[in-house]
Amino acid sequence: MKFGILITEGPYQHEASDSAYHFAKAALAKGHEILRVFFYQDGVLNSTRLMEPQSDDRHIQKQWSALATENNIDFIVCVAAAKRRGITDEVIAEGFKIGGLGMLTELAIEADRVVEFRA
Amino acid sequence: MKFGILITEGPYQHEASDSAYHFAKAALAKGHEILRVFFYQDGVLNSTRLMEPQSDDRHIQKQWSALATENNIDFIVCVAAAKRRGITDEVIAEGFKIGGLGMLTELAIEADRVVEFRA
Amino acid sequence: MAKLMIVFRTAPYGSIYAFEGLENVLIMGAYDQDISVLFIDDGVLTIKKGMDNSGTGIKDFSPTFRALEAYDIEKIFIDRQSMEERGLTMEDFVIEPEVIESGQVEKMMEEQKNFFMF
Amino acid sequence: MAKLMIVFRTAPYGSIYAFEGLENVLIMGAYDQDISVLFIDDGVLTIKKGMDNSGTGIKDFSPTFRALEAYDIEKIFIDRQSMEERGLTMEDFVIEPEVIESGQVEKMMEEQKNFFMF
Amino acid sequence: MLHLINESPFESNSLEDCLRYASKGSPILLYEDGIYAAMAGTRIADRMAGVAQDHKLYVLREDLAMRGVDKLIAGVNEIDYDGFVELVEENKTASW
Amino acid sequence: MLHLINESPFESNSLEDCLRYASKGSPILLYEDGIYAAMAGTRIADRMAGVAQDHKLYVLREDLAMRGVDKLIAGVNEIDYDGFVELVEENKTASW
């Protein structure tokens, strides 16, 4: 099936980003296509390459970047939400692209299922 | 009195940063001293100079920076929380300093009151 | 045309969910799809009349809700019980959604191609 | 020495509050103050035995709770009703806090120079 | 002790948790989404009228106004940020 | 329709809100802090036993294990992320 994933919470503060990541991996492993992961509201904070967690902790941005590049998935960071929170081209990591909110509507039109991960 | 303020939520996502700002202004207007504002957990996101909200919206980082510099208040951004979320010297705005969690303990020891603004 | 729905279920201003829900309604309207809007739980509080944001500096989105019809968004529903539990009647709102019963909510979601909850 | 307290009142892992509460206990311990720790509401879930984080990659903080005594943090309390409502008894926990009644909670907070809730 | 409540009582139990610990007479300030607990005519209005008798119940005017809430249960005191600061001068605060 | 619940039932009303709309038989997946609703012996355990009769009640094993929760009410089905994906294949999802 064609899946979409929507994330509206930031990494570390809340488990939503972790859950979304594990869900995405499981969906790919079962042969599903992920049309797009849309990072929205505080979810845009998943995309900063400046993130530097403690060395014994998971690195959420790097996990995402690897998932995006290895599987060629479209990762869109909502531009308005990103600007509000200081996420710009200057800090965005590999595998993420900044895009408009319309790309979430397009995902809703094209995907068989969209799963939201939120607070 | 000697006040301390603790903020654990990010700007725009939640009203906590706004409430803390209005509270701080009112406390100063009443002649209180604010020993320190401690930005913790997602609260560290208040400090990025890359923040760029829509032109008709409040600019939360600039409000804070003006408050800190005009009143010479100590604004500390928790280093571990900041690193986890991509807040580094590279992006930190005027008036904010990165510091250790011990500075929150010191605030608890020295302040007459510490008020938490959280989700 | 895909059937799409935005569900408002959180209170306004305390968190950004309601604001972003409204942004989505406007964007979806521009895509010429079959859009519905549904207010349930604390979401009914987002269309309360009489908002005055002068004390906080946070943007008031009431005027945008009032303009939804101008964007050809006409399928707007509200859950009766959510209104009643909060002591609100149709006179309290800046728009006039169609009142539905809680038993219709899941069915209405089920009919959509996709929907988002804010 | 100032009396300081950390109150745990949220569930672990779903949000970072419990983790940061624990970080604060450790830091405060290093400042040689009179530290208390209190578990109420969902905070009692943070010291549940048997945590296995291998499926999520999120750091398990049980070992750190177990080490609190080594940091000379000995005033550790838990609200009886919060435990009981969650079906938990002292056998379920990695540490052995002293059980208090809900009526003592506010008084205990009041006695502190300052306290933080996580 | 001043108890600060900033979540909607229809979605969060933080007010009920707080009430379990707060002693009679302790002030409670409702702000942000917490102000909905003071709204008249809700399914919790009777409960809250009782709370307003046992506690000094305050509500932050700026947050009320922003949400368009004007009809309140009896016994609630509207204050502004100045009043918020005064409450903090007089009390240690707990943020639920 | 699959209903996703990720908040503690002791702190949030999202499960109760969801139950008001979910029709009999609709699957409900408890994950993140939502898993505490499936814990045995709590003050809501009787209520949840009823929910488990009216709905297919699932709980995410990874989140259970991380929280050290092993005793569950009767009638709950443990699944892993594979099972989560299968539920989404079969149902549209609502995230409360």
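Each chain gets a letter, A, B, C, D, E and F, in the order it is written, and its residues are counted from 1.
Criterion: a residue touches a chain if its C-beta (ideal position, glycine included) is under 8 Å from a C-beta of that chain, and two chains touch if they have at least 3 such contacts.
All of these numbers come straight from a predicted model, not from anything done at the bench.
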Taking touch as defined above, what minimum step count separates chain A and chain E? 2
Could you name all chains that are in contact with chain C and with chain F at the same time? A, E
Could you say what rotation angle superposes chain A on its sequence twin chain B, using C-alpha positions and rounding to the nearest 5°? 180
Tell me which has more C-beta contacts between its two chains, A-C or B-C. A-C
Do the two copies chain E and chain F share over half of their interface residue numbers, or under half; same or different? same
Distance from the CA centroid of chain C to that of chain D, rounded to the nearest Å? 40
Between chain B and chain D, what is the separation of their C-alpha centroids in Å? 26
On a C-alpha centroid basis, what's the spacing between chain D and chain E, in Å? 27
List, in ascending order, every residue of chain D touching at least 2 other chains. 13-16, 41, 56, 58, 114-115, 117
Which positions in chain A are in touch with at least two other chains? 12-13, 15, 22, 41, 57, 80, 113, 116, 118-119
Where in chain E do residues touch two or more other chains at once? 6, 10-11, 17, 32-33, 62-63, 80, 92, 95
Considering only which chains touch which, label the overall pattern as line, ring, star, complete or other. other
For each chain, which other chains does it touch, given as pairs? A-B, A-C, A-D, A-F, B-C, B-D, B-E, C-E, C-F, D-E, D-F, E-F
What does chain E use to touch chain D in their complex? 1, 17, 20-23, 26, 92, 94-96
Residue ranges of chain C in contact with chain B within the complex: 13-16, 56-59
In the complex of these two chains, what residues of chain C are touching chain F? 7, 9, 40-41, 81, 102-103, 105-107, 109-110, 112, 114-115, 117
Of chain A, residues touching chain C in the complex: 4, 6, 8, 40-41, 80-81, 100-102, 104-109, 111, 113-114, 116, 118
Mind listing the chain D positions that touch chain B in their complex? 2, 4, 16-17, 20, 23-24, 27-28, 30-31, 33, 113-117
